[in-house]
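Chain nomenclature is as follows: A, B, C and D, assigned in order of appearance, with residue numbering initiated at 1 for each chain independently.
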């Protein structure tokens, strides 16, 4: 039923205008470029998309434009988590009027850990899940402590209407496996740690959503497919190189993304919105090129 | 110069209307009530005040009304930290046009730990600090890891314009002492953990800002003063009772505050904004009364 | 050169006599049984082997007997880490006089995190590494904070004499990958988290050392080989079942091991030494059988 | 009944001979010196005393000699926690034959967190508590997670025979207060973080046990008494200086203690046993002198 929800999806970067708003012309161009790279789906307005830093109106417009340019070519999931449940609910209702395939939400922002953890999140999730008929994909709750354990938390999630899967943004693969086996295959799982894309396949994930796929969709999609089909050697060799490149680029990730995308796809995604990327430095072009080429080479698409 | 910045300040609860907005009439009444309780100052729109859940316009109006009702009677500090630096800067500029005595800001919300920690926060803080001439009070950065340690972080803070003090919302008293001795007394420090109000005096704090002072201003102010003046026995006895009451009320803190304030001061601060307080249950009136009376009794104001 | 150091090795359980000492007759029988199960190597006297709870003399005797029964059939690695560096050095010298293929050591026990972390461990490791000519396999340092990062720590390790590889007892696969790529393939790496046996292959590990292989050597060896050779589906299906069985048995792991080994191999490894296993309950035989059979079935050795 | 169990006790450093054994002649001299400094009690063979690094026989002999030199002058508590419960029980029985006033034990070493935490510790503690008629003082369990919370853990402890108090080696003052109020004053509590000696008084502690009191008994005893009797200003000023000196000396704490004690009391406590103190550097005499004098001056014993 949800079998198009799989593969390698970029957590789409939102082109910005330098004044804290989206740059809608570049957005159209960027969505087209990603489609031409062969993305398996698009995940909008999460951490990478800086959704939390945009106004409600701008979030709605980014969803509308992306859905319109995409025109049903690939599945789209919209992150609607906000500071307040009310805004998340409004965004969920709005998404359901666009041509998108699912909504997702982070756990309550800021107040999360301070206020009894999973109970607050579950009710927040439930309000969002029932706001529309779209498939719902909550986040895992990171380091939250669950009064009845991770298995008990998953049990409760499974009872929610429209609950279809989860986006598991964690380096803890044991948690992913636990969610996988305790839901008995009923959930469509996406891993969120790019550095563990192939490892997470072994934990029962159907796909991967992450920021580096904005730059390396073609390579990561190819390697993941090859790996799933038995090329363990390529999976191993690629993941070690990919993780090293991630480690080198992470301290200045926002300028790396901007420069790498400009270089590779001639799209300007603009500067991140402060405070995000506050300390990022401009890279030497040669270094960006070297990092990008290292990943391309490791993917061995042409054998 | 800043010697009025001390003592026991409530992190003021903002009366809400049940639809995600402040209830301004109750706000006026509530500010008057707090003034009549003898607060040493007012801290607006922090976590307790649910500032992050309000629109920019509503935050400005809360500041304006509070400043107007207060009319200079006690010092006021406004928390202006927001998702984006730009909004924080606008709120800081606005605050400087009201009759308030300082601004404060939490570290970057949501993106904080993921993006290199202290560098991002320092630049965020600097933008806010320089947006007005008001004294600035950033938060400590909790569990952030500092490339050059907590002492190095304080050194950098001390170089910022308008840097006057900090609000230290942490249970880690060693961090408070470290900030105290490494700033050589140049910072006006407020502790944020109500449960350690007196203990924090021994770490060089000038005052305490916290949510429970909304209910127990009179008792906490009395005990803290007595303690500072040598009544260590009262400090010890009171803090043990106070911490126990906090531990009992914390799981349903928002309804406790609402009911206790209604009972004690006949002001309705209304419901918290979802997802905050999502799991809070209504208390039995008798239990609220018992908890309130336990603290009152422990303060031994009448000997 | 070290190409026999790979595959699936049990962190060998040491048969105990109920009075805090090894049961040497059962030990001989147990080593023979493990050899007949096809182990790729044996890892002695680590956490699973309760090495830390035995006297120095008993540790030496366990090494001697195991080496003698094995008679060079499979490689043996001896964990010599102790409370004091001196005892570890004596155990390393002793091991070098037995027919074993390597020594290993945990980081300093108890004092570890309190005393500057990696510096203390590096010197401890160096004393042990230079005590003999045997290949040396230190542990990773878990949650230790490294003044110059994990990469800097690996650089220092690589300069030690006899440094051949590491035993990486961590669920953090990013750390394993980091050690793998930063040592540029110069280290022979064994993963230690049984639940992530196949996932760790993708991080560049040569083998896996763990406690559950005492019970499931045949199944785990088969699945790991199949996976390395391209059977990603088996790897995925098996790991989910294996992790679930581990999660169910872990709360009473010591009695599970004892009863499962008795049931499957007719060897009595005896009770663990207090406080280890203090809270372990006796299992219903049927439950042990069900857990064991679940893993056997998932391995699909007969297709 | 236990009213002599209070005040400032050094976690006594054990003079060592450079070959991993105690230096018994210096031990006698050292105990005499500490008595002449006015210690309120002596805590033997804990982390500071390097009890875990000594043989069982040597631990017994240290207890015998200390008890003999002390001859009942001040109360003595012996830390008997070991790798195995059996050794701890033997040490407890031995202590009960010496003239000492209590036994104490750390939680299970090494295996602690891996094996279900509090259950294992409780049974370990119970075996030790019932091995003699001496008052028993277990440690708090640090970051252990308790299935029924810290309060539930304390409830279980209170049911143990000979349970008289606890040694709370934690910086988390909330935990200390929680143990204090939930035991309703039935436990004699000693705080273990030297940096929070006075702050911990406000959490209901009867005394403080720590390593720095080996060097600064006179100053810390004076300040703590003054503080308890109402001198909050001295408590505040002293604690800030004391914490700063601790922070400066901690990275090379073992050589600091050795040199400071040599300088101040002409006793050579010898080198720590590897791996403890592995990375400690020799201090410049002038720096040691400056640090020692800073604390002496801050205590203002002569006004």
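Definition applied: a contact is a pair of C-beta atoms (placed from the backbone, for glycine too) under 8 Å apart; a residue touches a chain by one contact, two chains touch by 3 or more.
The shown structure was predicted, so the numbers you read here are calculated from the model rather than taken from an experiment.
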Separation of mean Cα positions, chain D and chain A [Å, integer]: 50
Between chain C and chain D, centroid-to-centroid distance (C-alpha), Å: 35
For chain A, residues contacting two or more additional chains: none
Chain-level touch network, classified as line, ring, star, complete or other: ring
Full enumeration of touching chain pairs: A-B, A-C, B-D, C-D
Residue numbers on chain A that touch chain B, as the complex places them: 20, 47, 52-53, 83-86, 108-111, 114-116, 119-121, 123-124, 127, 251, 253, 273-279
Chain D residues within the chain B interface of the complex: 171-174, 177-178, 180-182, 193, 195-196, 198-199, 201-204, 227-232, 235-236, 239-241, 243-244, 247
